[in-house]
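A single structure is presented below for examination.
We call the chains A, B, C and D, going by the order they appear; numbering starts again at 1 in every chain.
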Amino acid sequence: MTTEATSSPAPQTPVPGAVSAREKKNRRQDSGGVRGWFGRQNPWVRAGLMVLFAVLAFLLPYVGEIPLIGPQIVTQGIDWPSALFNMSYYVLLALGLNVVVGFAGLLDLGYVGFFAVGAYTVALLSSPDSVLRTEWGWTAAVPIGLAVAMLSGLVLGYPTLRLRGDYLAIVTLGFAEIIRIVATSTETLRGDRGFSDIPHPPGEFADGKPIFGVADAVPYYWLGLAVIILVILGVRNLDNSRVGRSWLAIREDQEAAEIMGVRTIKYKLWAFAIGAFIGGLGGVMFAGQQGFMNSQTFVLQFSILVLAGVVMGGSGNIAGAILGGALISYIPDRLRGIQDPIWHTDLFGFRFAIFGAVIIVIMIFRPQGLIPSRRRAMELKDREKEVAPIE
Amino acid sequence: MSEPHIETPAEADAANARPFDRPAPEGTGTGATAPAAPGEDVLLEVDNVTLRFGGVVALNEVSFSLRKGEIFGLIGPNGAGKTTCFNAMTGVYRPTSGGIRFQGQSIVGKKKHEITRGGIARTFQNVRLFPEMTALENVMVGADAHHKTSVIAALFRLPRHHREERTGRDRSYQLLRFVGIEHRAGDVARNLSYGEQRRLEIARALATNPTLLCLDEPAAGFNPAEKADLLALIRKIRDSGVTVLLIEHDMRLVMGVTDRIVVLEFGKKIAEGTPAEVRDNPAVIAAYLGVPTDAA
Amino acid sequence: MRQVLARAIGGLAVIGLIAGAAACNSDSGSDDTASGNCGYKLAFFGALTGSSANLGVNIEQGFELAINQYNEKKGSTCIEVAKFDSQGEPGVAPGVARNLVADKKILGIVGPPFSGESEAADPIFEAAGIPTVTPSATRVSLSANGWKTFHRAVANDDAQGPAAGNYIKNVMKAEKVFVANDQSAYGAGLSEVVEKTLGSAVVAKDKTEADGKQTDFSALVQKVVSSQATVLFYGGYYQNAGLIRKALTTAGWKGTLVGGDGMKDPGLAKAAGNAAAVGTITTCPCSPPEKAGGTFVTDYKAKWNVDAGTYSDVAFDAANMFLQGIDAGNTTPEKLNTYLSTVEYKGIANTYKFTDKGELDPNYIKVWTFKFDATGNTIADQEVPTA
Amino acid sequence: MNFSGLIQDFGPLTITGLAQGAIIALFALGYTLVYGVLRLINFAHSEVFLLGSYACLIVWGFFGLDQNSATPSTLSVIGLLLLGLVAAIVISGITALGVELVAYRPLRKRNAPPLAFLITAIGASLFISETVGVMTQRNIKGVPPLIQPRDVFVIGNMHVTNLQILIIVLALMSMFLLDRFINRSRLGRGIRAVAQNPDSAALMGVNKGRVISLVFLLGGLMAGIAAVMYDLKIGVTRFDAGFLLGIEAFTAAVLGGIGNLRGALLGGLLLGLLQNYAASLFGTEWLHAASFVLLVLILLVRPTGLLGESLGRARA
C-alpha cells in the first residue's frame, strides 16, 4: 500500500547507551509488548490493512460468486449467510473466552453459561411466553441482558478465584451445567418448551419489509460482524494497556504480580466480567436471530468446542481466537452435504468425527495454535537471534 | 460504571509528584510522613516478630529497625530465617505475633499489593520475572502500581490512559538504562541472560517507586566482576534516595556495601551493628564457623 | 519475516487440507427437464446426527422408503430425496432451513420432527411458502402461529393425553398411578394432560433428564416402588423408557409402564430386553399399520434392515401424500400447499385431512393403544376415546 | 422437598447409590492417575470407558447372547463374565495407550503448552465417540441378562442383590490391588516418583515415558472393569455413554482430590450416594445439579478436594 510510509524513518546506527530515532518513535506507539510483523508496521498501514480486512469480511456473504474458489468456500448443507452468522457468534464467544483463558490464564470450561444468561434474559424480557409479560423490543432487552451476563460473571468469579487452574475448570463446568439444568427444570425458564416469538432487531427497508427478517441471514451476519469489530477494538485496547499487562502478569506468576502491586483479585474479576459480557453479547445476538430458543442449545459440548476453538486458533492472540472461533463453526458446517472422494458415501454423519481428527492434527502440528501469540512463538525461537541488537 | 478503586488521593498525589526521570529523592516518601517514631529517621521497624509453621519456629522474637537512606544487611547461615523474615515484611506470611511498622504504620495483615504501593519493593531469591513478557513490560507492570487508569479508561483510551502509558514507558526505559539493560527492552524476559534477569528484577522493583527496596540474595550465582557491578548498582540506588535491605550469603559483599547488619541464626537475632562490629562478634564467628559461605 | 510467512503458510495449509477434503460436494443438480411431473425434490428436515438422531432417522427412513417405491414404480428417479440435518437443535435449524428454501426444486417437506426445531425453522418455510407435514411435532401451540404451510399428521398432545389417561383409568382400572416425564416439550406436555385426566389417582410424580442425559434411574425406580403404584406413566421417548422399564423389573416392580407414541418403538424392547418390555402399553394417535393391509412393515425391514420405528409409518404416509399431490400436477409449493388443504388421504397409519390451522381433522383423530409382545414388537391393542 | 420419601427409602437409595458410586469411582481412577503424573485432564478417558463397554458386548455377542437371551447357567456366566472383563480391559487399555500415543506423546515431544493437551484430548474424545455413533447409527445396544438380580439379603425395605454385591466387591478389590501396586511394587514406586517430581525422578533413572504409558494403561484397565459393571447394571450402552458418566467420574475425582487414589474412591461413592439422595429429595431432574453444587461447596471449603491431591502421597 503506502511504501513511502513504512520506510520513512531513516535507519540509524544505534549508539550504545543512546536511543535511536526509530526506537523513540516506536516507544511512543507501542505498549512495550512483543511486536509481530503487523505490529511493526506504520500505524497508517495497520489501519489500512484493518479496514481492508473489515471490508472483505463484510463481503463474505457473496464469496460464492467468485468463480472456482468461491464454491469451494461456501457451505453446502447449510445456508451460507446463516453459516456466517453462526460463525459470527462463535467468534464472539471465542473472543470473550480468549480474555478469560488466553489473557488472564483462567481455565473456564463453562463459558456457554454466560451465553445462556444473555440469551435467556432477552427471552424473558421480550418473548410473549415469558412469565414477566413485559414483551420488550430486542433493543431494549439487550442492555439488561448484557448487564445480567456481566453480573453473572462476577457472581461466578468471586467465590471461585481462590481455586487453582484445573479446579477452576471443573467448577466453571459445574456452574454451566447447573445453569443448563436450572433452565431445563424450572417453570420460569420453560425448559425444552422454550421461548417463541423473541423479537428480531428493529429496522425496515424502504419498502416496509423488516431488515432483520426470517428468510435472509445476511443482515444478522453484518450486525454480528459490526459487533465483532467493536469487541476487537475494545479487547485490543485492554490488551495494550495496564489491564492487559496485569492479566499477563497474573497468568505468568500470580504471587510475583501481587508483590509488584497488581491487584490480582480485581483484575481476575474484570477478566471474568468482560468475558461474560462478550459471551452475553453472543447470547443476545443469538436470541435475536433465532426468534425461538430453549434449553437444548446450552449443552456442555458447546463450551468445550469454543475452548477448543480458542486454543486451536492461538490462545492469547486476538487474531487466533477469531480464526479458531470461525473454524469450529465452519468446519462442521462445511462438511455437510459432502461425499468422500473414494467411496462416495456421505461424509455427513462423520463430520464431527472428522472434526475431532482435524483438531488433533492441528494441535500436533501447531501446538501453539494456528496463529500463535507472539510471546509464545518467541519463547520457542532460538535465543541466538534475540541477542542481536534491535533493528 | 466505575471500578472499585481504593487508592487514596494522597497516594496518587505522591505518585504524581515523583519526578519520573529518576527514582525518588530522599524525603518525599509515599503516603503520609511517619509520625515521630523512636528515632526520627526510622523507616521500618520489626518488633518482636515470631513466626511459627506448625511446631517449627521460623522466627523467634526478632527485632531490628532500618533507618532512612542506609544499606542494611540481613545475614545468617542457611535456614536462619532470613527469607522468612523478608516474606513477613512483604506480606507473604503473617507473623504469629509481634509487629512490623513501616513509616510508623503497621503493615501486618495488609495485602501484598497494598504493601508494595505503600513503598516496599522486593526481588526474589530465585528470579521470578514474568517470563513471556518483554523486559520493558516487566518494568511497566511495576510502574503500573501507582497508575490510576481504570479498566474503562483503558477500554476507551481516555487521556489518562495515554498520559500514564507514556510516563510509565519513559520511566521504564530510564530504569532499564539505570540498571544497564536498556538494549534488551524489547526481548521477552525468558530470553535474557541470568545477570540481565537479576538486573531486570531490580528495575521492576524500582519501578514501583519504593522507599525501601529489599533484595533477596541478588548476587547469587554471580562471578566477582558481576558482583562488583552489582555493588556499584546498589550504591547507586541508595544514592538516589532509596533505602536498601540486603539479604546476603556472601559475607564479603555484605561487609563491603552495608552500613549496618543484623545476623540471624535459627530464627533468632544474634548480633546487630556496623560491619566491623559484627565481624568481631564472637556469636557470629561461632555461627559461621565451619559454615562455608560463598566468600570462602 | 520469512519465518512469519512460513508459519502463515503452514496455518493456511491446514485449512486448505480441510477445504480440499471437502471440495467434492454432493450437490450435482441434475438438469433433466421436468417431464411427467418429475424432476422435483421432496425434503426431509430433521435430526440425522446428534443425540436425538434416532427419531429423525426413523422418520427419514419411512419418508425415503415411500419415495423409493414411487420411483421404482415410475422406473426412474422421478422425485429426488433431499435430506437436511437439523441435528434436532433449534440453534442449528434456521441455517439449515434457509439452505433448504434456497433449493427451488423442493416442493414439500416432511418434518421437522421436534417441536423445538419447528418453532425455529417453520417461520422460514412459511416465508418461502413451502408446505411442511410434520409426523411427530405434537406441541399444541405450533398450530396457533397462523402458519399456512404448517400441517400436522398426528394428533397433538391435547388429544393423546386424555386418551392415555382414560385408558389407564377405565381399561386398566388403575387406582395408583405414578406420573413422570423427561422434561422434553413433548413429554412434559403429555404427562401434564395425563395427570389432569387421572386426577386423584396420581400418587406421586417425578421428572428425569432427557434421553442421552441420564442412564441411572435408581432413585426414580425406588420412588415408584415405594409409592405402591401399579402403573407408571412416563412422558418421554423410548430410550429412557427402556432403561426405566429394565430398572423397574430389576427392582422387582410388578406394575405396567404406560407411555405415549414417543415410546412406541422397538428400541424400548432393545433397551429393556423383550422379557422386561412385555406388556408395556403405548398410546399412539395412529391406526395400526397392519389394519391398513399394506406391506409397509416388511418393506421397511427389507429396505433398512431394521424394524420400523416410531413415526416411520406416519412419515411414509406424509411422503406418499405429497407424491399423490405431485402426481396430480401440483408441481409448485403453492399448488401443493393448496392441495394439502383439501386432500383427504388414506394412508397406512391413518386417514389424513387437515383443518385450516393445519391440524388433523378431529374426525380422523384416532388414538390406539399398543402393547409390547414377547418378540419386542408393538401389537395393536384397542382404540380408545380421546375425551 | 420430599423428606419423608428420603427417610422411607434411605436404605434402598444407599445400596443403589453405592453400586453406582463404585462404578464412578473406578472410572474416576483413570482421571486421577493421569492427572497425578501429568497434571493433565484426560478428556478422552470417557471414550476409553465407552469402547470397553462395547468390547464386552461384542464378545458376548460371539456367543449369541443379546438382551433377549435367557440367563445362562452359573458356570458359563462366570466364564462369560471373565471373558467380557478381559475383552473390556484389553480394549480399554489399548484405547488408553492409543490415545496417549496419538494425541499426547507428539505434543509432549514438542513441549506444547498444557492447554494444547486438553484440546487434543477433546479432539480424540469427539473422534472416537462420533465414530462409534455413526457405526452404531446412534442406537442403543442392549446387554444380555447375564446376572438375574436376586436378593441376597433384605434389611427392612433394603434389598441387596447379588449384582450390587458383585459390583461393589469387584470395585473395592480392583482399587485395593491398584493401591497395593502403586504403593508396593517397583513400577508403582516409579509412578509415585514421577508424580512427586518428574525431573528428579528422571535423574534417578526412572523412565518417564514408560511411567506415563503405564499410568494410561492402569487407568484403561480400571475403566474396562467399570465399563463391564456399567453394562450389567444399566443394561444398555450408547455412543455418548462415556461422555455422560465421564463428567460424573471427573467430578468425583476432583471431589476426593484429583491425583489421589483414595480420593477417587471416596469421591465416587459420595457422588453415587448424594445423587440418589438428592434425586429422592428434590426430584430426579436435579440429580446432576446436586453433584455439581456439592463439588462447588466442597472446593470452596477445601480448594484441593476432600483428601487433597498428590498421587505421590497416596497413602495420606
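Keep this in mind: contacts are C-beta pairs under 8 Å (C-beta built on N, C-alpha and C of every residue); 3 or more make two chains touch, one makes a residue touch a chain.
To keep track of the chains, here are their UniProt names: A, D = Branched-chain amino acid ABC transporter permease; B = ABC transporter ATP-binding protein; C = Branched chain amino acid ABC transporter substrate-binding protein.
Given the structure is predicted, the values throughout are model-derived calculations rather than measurements.
K.L.:
Centre to centre, using CA atoms, which chain is the farthest one from subunit B?
P.N.:
So the farthest one, by centre of C-alpha atoms, is C.
K.L.:
Using CA atom averages as chain centres, what separation in Å is found between subunit A and subunit D?
P.N.:
So the centroids are 34 Å from each other.
K.L.:
When the C-alpha atoms of subunit B and subunit D are each averaged to a single point, how far apart are the two points in Å?
P.N.:
Distance between chain centres: 50 Å.
K.L.:
Counting only Cα atoms for the centres, state how far subunit B is from subunit C in Å.
P.N.:
The answer is 72 Å.
K.L.:
Among all residues of subunit D, which ones touch two or more of the remaining chains?
P.N.:
In subunit D, the residues touching two or more other chains are 133, 283, 285, 288.
K.L.:
Scan subunit A for residues touching two or more other chains and write them down.
P.N.:
181, 184-185, 349, 352, 358, 376
K.L.:
So which chains actually touch one another? I want all the pairs, not just one.
P.N.:
A-B, A-C, A-D, C-D
K.L.:
In the complex formed with subunit C, which residues of subunit A make contact?
P.N.:
So the residues of subunit A touching subunit C come out as 36-37, 71-73, 75-79, 81-83, 85-86, 181, 184-185, 191-194, 196, 213-217, 286, 289-294, 296-297, 323, 327, 331, 333-341, 346, 348-349, 351-352, 354, 358, 361-362, 365-366, 370-372, 377.
K.L.:
Could you please specify the touching residues of subunit D with respect to subunit C in the complex?
P.N.:
So the residues of subunit D touching subunit C come out as 5, 8-9, 12-13, 16-17, 20, 67-68, 133, 137-142, 145, 149, 157, 159, 161, 163, 233-236, 238, 240-241, 244-245, 275-276, 279-280, 283-285, 287-288.
K.L.:
Within their complex, state which residues of subunit B touch subunit A.
P.N.:
So the residues of subunit B touching subunit A come out as 3-4, 90-92, 111-113, 116-117, 121-122, 124, 128-134, 136-137, 140-142, 144-147, 149, 151, 154-157, 161, 164-166, 168-170, 172-173, 177, 182-183, 185-188, 190-191, 204-205, 208.
K.L.:
Which residues, counting only subunit D, touch subunit A once they are in their complex?
P.N.:
Those residues of subunit D that touch subunit A are 35, 39, 41, 43, 102-103, 106-107, 110-113, 115-116, 118-120, 122-128, 130-131, 133-134, 247, 250-251, 254, 258, 283, 285-286, 288-289, 292-293, 295-296, 299-300, 303-305.
K.L.:
Help me check something: in the complex, which residues belonging to subunit C touch subunit A?
P.N.:
Going through subunit C, the ones touching subunit A are 1, 4, 7, 10-11, 14-15, 18-19, 21-27, 48-49, 84-85, 88-92, 94-99, 101-102, 115-116, 119-120, 123-124, 126-128, 139, 141, 145, 183-185, 188-189, 207, 209-210.
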